[in-house]
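As written, the chains take the letters A, B and C, and residue 1 is the first residue of each chain.
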């Protein structure tokens, strides 16, 4: 700068996202109802979430650590967990690409029926999983609309891991689309135009300017789809075939162990699944923080 | 002439944004497009950048038809009002972007790009901040990065859209001086959009005043300032006092006194305009009878607010040492314009 | 700060992308929905109506409505209380509270059912107590309700919290300084400001409550005509190769999903500013 100081330099001791506390929410409580609402909240969270989860976490150890490890090292359990995780992973990866394409088409192009399709994106959220399950199963069974087309070519989808992958793709799509869509819709036109005037082609603008800005939301959508997929039950069991060691998912194993009155075994599988979900969300959190530190979050 | 804009028209769904705009810019000239919001100045800038296409008219640069070129082939350096920096890129990466996206055979080597970035960082006086992200910069710094990014592609024309609009007054003034220097050093033809007349007169070689999509006046800052071509330009450039009078043989006649008219005007009745600093106040003698309603400081001047007997409001400016210092609220005075402007 | 407006595709690449998106949505999302409706009516209207007129089907529909009628108001009360204390006051442990609130989103539905068996099942923590007093929780209505409440717990709170955070406390504090009492503040100031978001949350919560399968399936015990909700009824009939019965029941839930989507879109379209829905997912 020439001479005069730049008055707009932000105070380095105040982080960018700092928001001064609202005077009314400061030290004195102006508004009534704090104790009663906090009481109700804590009562619900305790009875509905905390105590039940405590029962889950406490249960696997009734035969000691060995009992837990026995379940954990059971090949059938490992197989089911791996199946749930990897099919969910594959579906989430596919959904990142498909979801991005769908979100792009819905926000960038005007075409008849756009609103309707936009509303339909949420169908997997709104459609009960059992309904989705029997629909997908009957579509892709050997005598179904799609299955009968594929059967002559020796392609089997229903009652194989491919069917599971397909169901999880259905379930996961809205997570990615709904994460990316608002970011894409609010992406400043001037930034794209700047890239254009600087000589970037459409493809260069998409990959170098827009995609990096979408990264945090893509990661969010991916993680949510993955976490949901690992625990998904209703839409999967009808199409999975549920063959031990082949197409038996982890949540189903819990149901089977419960039917055998093996509470500790069921809880063990449950605890591991809970751990996987929390790890995925923790990883998401860490990655998001990395993005924020890059200066791209603001 | 390097940049020629001829009979350009642009209509947005039934709303004409530009009507028959024509002007030319010499190579290296600094042109300000001045006008209120809605006057079409940003639209014109976007046409020059190729971000919109005109409905009719010609735009050419050094004999080349610009309308046939893509925005990315025009090599215009555009600085957006919102800066439009790439937030996931560092300052250096932002500046290098335009070079990095060139096709492989036209792209400078890595070392060349690096030295260009360093040179530009030095030019914008941010040598040490190349590794920062836009979110870590102040508004003024972001503005300078946006300019460096535009300069990096070695633009044929530099387009600036209200570049200082979002900054506070002190930073604005500082950047203005700095921009003048940059223009001097690079010598690139520059078109600059602003609604701030002071900024336009201060920076530009020539000013194009726009109103409702039409060119109202083109001229040097001095011409625009001393010979506003219309009532609109006169009012837009600063405060205007208005009084009714009659012109005969180039002299304006008021009730009991007269004043010279700037420029030529036909005989007849007019609403005559005069500047606050081109008026004389006295306790006695001829003039419009007024009462002082406020005495205020205005920088190096003293500003007086006055009220005529018919309720009309006036404003005058005087240097601190003048006799106006002796006036106070409630005084009854005579206001006599030194020079008036007449517009039909 | 405006975004690029949507416009008709122009280039070949744009058409290709649009075509892919439409094809994908058609295959992945639309086809299953169409399949449900077509299969349900594949033998005409009479068999469809007959399938829904069985005692078991009617019992399942009634039970589904009953469970939702209990679970949704409970969640609405919780959601309002949680949103009020979280957005209107500062206190220690708030972020922990928020993390716990989100937990049901990250739990497999099966686990959401399993935990109630571990608490109230025959070998559960409180199993002996219930047996002594002859109280049934799992394999009965209370278990279905508890599992449903757990699965849908964050729905309404998560809708209200960002909105109330955004709106701030100015209006309520103003009402307070004007002498309004707690209930007056809530009913006259807060509720009018959040009513659409509350409705939105209730809508999503209801849809999920009626459609929940995994959690309910674990605690139900599948006693036909007694503890089978509509989604469970679908499973049983489907596994018994009663295709029309299963798809007829499924068509009701699919219809419910469509109604939900329509209402949701209407709310988003009409009251976008009062929903803070853009922050949701």
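To be clear about the criterion, contacts are C-beta pairs under 8 Å (C-beta built on N, C-alpha and C of every residue); 3 or more make two chains touch, one makes a residue touch a chain.
Note that the structure is a prediction, hence the values are computed from the model and not measured.
Chain contacts in this assembly form an open path, with each chain touching only its neighbours along a single line. Measuring from the average of all protein CA coordinates, the nearest chain centre is that of A.
The geometric centre of subunit A is 52 Å away from that of subunit B, both derived from CA atoms. Note on chain placement: the centre of subunit B and the centre of subunit C lie 57 Å apart, centres being C-alpha means. Note on chain placement: the centre of subunit A and the centre of subunit C lie 17 Å apart, centres being C-alpha means.
Touching two or more other chains at once are residues 82 of subunit B. With touch defined as above, residues shared between interfaces to two or more other chains in subunit A number as follows: 188.
Multi-chain contact residues of subunit C (touching two or more other chains) are listed as 1.
Against subunit B, the residues of subunit A that register as touching in their complex are 1-4, 6-10, 16, 188, 190-191, 193-201, 204, 208-209, 212-213, 215, 294-298. Taken in their complex, subunit C has these residues touching subunit A: 1-9, 11, 13-14, 17-18, 20-22, 24-25, 28-33, 35-36, 39, 74, 77-78, 80-82, 84-86, 88-91, 97, 100-101, 103-104, 106-111, 114-119, 121-125, 146, 149-150, 153, 168-170, 172-173, 176, 181-182, 185-186, 204, 207, 210-214, 217-218, 230-232, 234-235, 238, 243, 246-247, 250, 253-254, 256-258, 260-262, 264-265, 278, 280-281.
Note for the complex: subunit A touches subunit C at residues 21-22, 24-26, 29-34, 36-38, 40-42, 44-45, 48-53, 55-56, 59, 98, 101-102, 104-111, 114-115, 117-136, 138-139, 144-146, 169-170, 173-175, 178-179, 182, 185-189, 192, 202, 224, 227, 230-234, 238, 250-252, 254-255, 258, 261, 263, 266-267, 270, 273-274, 277-278, 281.
Looking at the complex, you find that subunit B touches subunit A at residues 49-51, 71-78, 80-82, 84-89, 97-98, 101-102, 125, 132-136, 138-141, 149-150, 152-153, 167-168, 170-171, 173-174, 177-178, 181.
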